[in-house]
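The following pair of complexes shares a single chain, subunit A, combined with subunit B in the former and subunit C in the latter.
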Partner chain A sequence: MAKITFDGVEVEVPDGTTILNAARQIGGSIVPPAMCYYTPLKGSGGKCRACLVRVAAGSAKDPRPMPKLVASCVTPVQDGMVVENTTSEQVLNVRKGIVEMLLINHPLDCPVCDQAGECDLQNFAFEHGVSTTRYQEERRTFEKIDIGPLIQLHMTRCILCYRCVYTANQITDNRVHGVLGRGDAAEIGTYIENIIDNDFSGNVIDVCPVGALTDKTFRFKSRVWFTKPVNAHRDCPKCSGNVVLWYKGKDVLRTTARKDQYGEVKEWICNECRFEKKETSDWIIEGPAHIDRSSVISANHYELPVLNQSVVADLPESTQRDLEKNPPLKLGS
Partner chain B sequence: MQLTNRAKKLEKKPMTLAERAYLPAIFQGLSITMRHFFMKKATVRYPEEVRPFSPVFRGLHVLKRDEQGRERCTACGLCAVACPAEAITMVAGERKKGEEGLYREEKYAISYEINMLRCIFCGLCEEACPKAAVYLQPDKIAPPRYERDEFIYGKDRLVEPVSPDARSVRGIQLTPEQADALRNKLAQQPA
Partner chain C sequence: MGRKLLTEHINVEGINTFEVYRKHGGYRSVEKALKTMTPDEVVEEVKKSGLRGRGGAGFPTGMKWSFLAKPEGVPRYLVCNADESEPGTFKDRQLMSKLPHLLIEGMITSSYALGANTSYIYIRGELLYVLRILEKAIAEAYAAGFLGKNILGSGYDLDLHVHPGGGAYICGEETALLESLEGKRGNPRNKPPFPAVQGLYARPTVVNNVESIAAVPVIVNEGGDEYAKIGVGRSTGTKLISACGHLNKPGIYEIELGLPVEEFIYSDEYCGGIWKGRELKAVVAGGSSVPILPKELILKTAAGENRLMTYESLSDGGFVTGTMLGSGGFIAMDETTCIVRNTWNFSRFYHHESCGQCSPCREGTGWMEKVLHRLEHGHGHMEDIDLLVSVAKQIEGNTICPLGEAAAWPVAAAVRHFRHEFEWHVTHAKEAAQPGAVYRTNAVLA
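Right after this comes the complex of A and B.
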């Protein structure tokens, strides 16, 4: 076990844990953002530099600070490490620079992009960046590649996080998906068509932090904040069948895997669940999916009632049971 | 039955001589009436006469076109999510090949409706629009109508008419005479 101090909070984690995961054990607003690191994908991380932190003391044995900021998602903790994230001016300034770097080649087509509203880059830029760009040169462009009727690839929006590459490596036996080219010309590879036939290829949509890979069956159907997420499951022979259905009125517009608070997919879902089952009768509905209050999707989104139980006497038994299972949200939390 | 104890007892005083004479009060009242004949009138003869609008007046919406006559709106939905009255609805569609002269972006609004009965003309949609597409015109109001559904303005009434000066629209070349004729025709159309 190693004991580290993260932003003044002490936490004890097993050896070999990364700084980012140690911070996630503390939780809250001090957790560094991550654009490329994805817990279920082995080998991911270290690409986007969004999670850079300052290590003020390397370990108990060698308390010298690390000379440069380190990527917290790939740096393992050491006993006695002191890490600064939100408490360090330098980290916050660098993060602003990272936003600017990521946005250099990212087209500002959020009004057109289907990912807008649940886009990691949008949130990241909103929270850590500046609202203007200093970049004047032409942004990179690519020839459009059609990768089938289910998934839409917009290479211009890609930030080269490699998440989809690792997903493809994980779901198929032989390597069929990769990044070709170097630097400015790097792009998600030619062989991406080959994974599309795989039963789990739709998961690249969920792992993509930006709108580079989006659901073609949902393309331009609705903005995400006009749809209502509902947890549902079905008996699926291929996958867990636990999904989120995105409703608009009575129609299921889109099906996605369930994600945790860091936007990471809990269980992969198969393409049949994702693209083909779009009727309410295909699913067993569990209830509204939780949406963070800070998200635009939470506008007009109602979960369990916010209520003061001690004030409301004689709650119906069914409500009490629901409340035990999902404790109500506290106002202002 | 007495409900409160705030009732006041009024005493009826006997009238003075001037009051009993009756006519002075009549003339006093009439003189006020007569004075108003010569004062500036508070009303105008609408619709022949229209009051000047304030420069910051927010009236009927318009969906603007760009310099090349293409629709600016890309159906991003920000106006609808900003709208406190939930008056705006839209359906987005994908631009097909050959429609580049009609729509500016790859996505456009197939239908765009504003319910003018719901709208409170707050201007938040105008503020939210990232494409400078929707504006509240400072000189137009939503005119009264008989039926409720006539207040649901679709794209046919919201989109700015194609300017005759934008000659390249849909590849049609207009002579100056044709442009004048089209401009006159558009001017005669009701708001």
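Right after this comes the complex of A and C.
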């Protein structure tokens, strides 16, 4: 076991845990954002640099600070480590810079993007970025590649987190897509026009933090915050069959895997569950799905949104009083 | 004239063949090490020699070797980094093509010291002709019994392979090199774990530059203490400097560390001064990624002392008034050089060579190149100069591998020392945009 101090909070975690996962055990607003790290995917992380933190003391044995900021998602803890995230001005400034870098070539087509509302980049930019840009040049574009009838690839929106590559590598056989090219010309592609055809290929949509990989059967049907998430399951011979159905009225517009509060898939689902079973009669309904994140998708549901406590402090007093009278409900409470 | 430890016989006819090389004292270190020394004694000699990595970072080689994890029953690897692709650096190419057996001798002795039974030379893809020279030399060494099973009857086995890369600058970064050697895309790995613990095929691995390995035979033959007598302070031994740019005699020079920079540039023994009788304007002392310095600061430190060709003296004053010895790619620029255009050229290289894995480098290198392009072609604004510095700062230190820094340092240093030239490109945009236009103190065109 290793004891570390993260933003002044002490936590004890098993040896070999990463700083990010130690912070997640504390929870709340001090958890560094992660755009590329994905717990279920081996080898992911370290690429987006959104989770950089400052290590003020390396360990109890060697309490010197680390010379550079480190990626918390891939750096294991050491006993006696002191980590600064939100308490370090340097970290917050660097994070602003990372947002800027991720956005300079992002098309910012959120108004027509299906991911809007549940987009990690949107949340990240909103929480940590600045609202103006210093970038004057033309944004990068790519030639369109058709990767099949089920998944839509928008390369311009991609932030090259490599999650979809790891997913295809680790949960499907015969991965046909990967990263081609290098530098800012690097792109997700299938090299020779090839469709991604695999029973579990749809999971790349769930792991994509932005709108680069979206569901063709849900394309332009609705904004996500107008749909209501409902937990459901079915007896599926291929996967666990535990899904979230996104309803608009009586229609199931889309099916996704269930995700935890950090947007990570709990159980992978197969393409049959995801793309083909779009009738309520296909499913056994469990009840409203609880969205454990402060996001627009948690609004307009059967329960009040989960609020970010740091935001609440900035709200007008009357609103705060209302909130106290009608606190956000938790499922089952 | 300083001592030549590596390149003494470089011009001997047929030195690239085994017989001639052997006649000139080649492979003595292998005999000495395998017959009279234990591996730990070799490591100890290298430690005593104070040899520092010649690839650019200058990390003590002996210390790197002693960090190598040695779990029982697990193979260890030595990998030679011959992916020399830094603009301005071309020393390893010459060393390998002229003296292939020196590198092989170094590989055998070093592999013995580290207990590696399989070693690799990862060579840059563009150097295919050098690859053939090395392969021929390795075949000769196998035939002579210096490679293969039971070398010289000592019971030590070694297989040596040469592996060409695809010609990517990023594969000169040690973990990207290992990924590429494993047959994967050459993306740098997250550290820790370091290669000394989990390197090639997740086994303990040491990655050394060609020149560092080529220095090992000398150290073993002459003894570490003897080697450490050359040089100044913690910069010991000799170093190959590939001098290029506006010099009378560009080329590869083996210098004793501690040589004054002024002597190196102006003495007839070395570069012989600036060509066409012009004035020196600036020097990039260690390959394109180290900070550029103007004439005043490269010849003398900020404190007014003579600058020497050592790791310490060149980095005197930090990055405010100093630079780095780096890989020894010495680029001299005369007064007709446009610093903005030069910086743009460098940043174009890094933009092209960024692997695209982590966001600050992927996006930032391209951004800097575009801003510099704008400035150079007369479309810049005054704010762009500060923007460059700010973008460079956002990249520096926040990336997975040092390519981010390599891209950011030259830009930041050029603005630091030559801000007036950048400003001139904004205020005299029309003139600056013309081909060959150069800022002079009186702002005339070249």
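By definition in this document, the second predicted complex is superposed on the first by the 293 of 333 C-alpha atoms of A that agree within 3 Å, B and C clash if a C-alpha of one lies under 4 Å from a C-alpha of the other, contacts with A are read in each partner's own complex, and residues count from 1 in each chain.
Keep this in mind: contacts are C-beta pairs under 8 Å (C-beta built on N, C-alpha and C of every residue); 3 or more make two chains touch, one makes a residue touch a chain.
None of these values were measured; they are calculated from a predicted model.
Asker: Answer with first, second, both or neither: which of subunit B and subunit C does A:Asp282 touch in the superposed model?
Answerer: neither
Asker: Is A:Asp199 touching the first partner subunit B, the second partner subunit C, both, or neither of them?
Answerer: neither
Asker: A:Leu160 in the overlay: touching subunit B, subunit C, both, or neither? Say first, second, both or neither.
Answerer: Second partner only.
Asker: Which partner does A:Arg219 contact after superposing on A: first (subunit B), second (subunit C), both, neither?
Answerer: It touches subunit B, and subunit C stays clear.
Asker: With the two complexes superposed on chain A, say which partner A:Pro111 touches: subunit B (first), subunit C (second), both, or neither.
Answerer: Touch partner of A:Pro111: subunit B, not subunit C.
Asker: Quick one: subunit B or subunit C, who's touching more of subunit A?
Answerer: Tallying touched residues of subunit A, the top partner is C.
Asker: Could you pull out which residues of subunit A sit against subunit B in one structure and against subunit C in the other?
Answerer: Shared contact residues on subunit A: none.
Asker: If you look only at subunit C, which of its residues touch subunit A in the complex?
Answerer: That would be residues 168, 170, 185, 190, 192, 351-360, 362-367, 370, 387, 390, 393-394, 397-400 of subunit C.
Asker: So in the complex, which bits of subunit A are touching subunit B?
Answerer: 109-112, 116, 219-223, 225-226, 296, 299
Asker: Give every residue of subunit A touching subunit C within the complex, in rising order.
Answerer: Within the complex, subunit A touches subunit C at residues 45-49, 52, 68-69, 71, 74-76, 94, 97-98, 100-102, 104-105, 134-135, 137, 140, 159-160, 162, 178-179, 181-186.
Asker: Quick one: in the complex, what on subunit B touches subunit A?
Answerer: Touch residues, subunit B against subunit A: 74-78, 80-81, 92-94, 105-107, 130-131.
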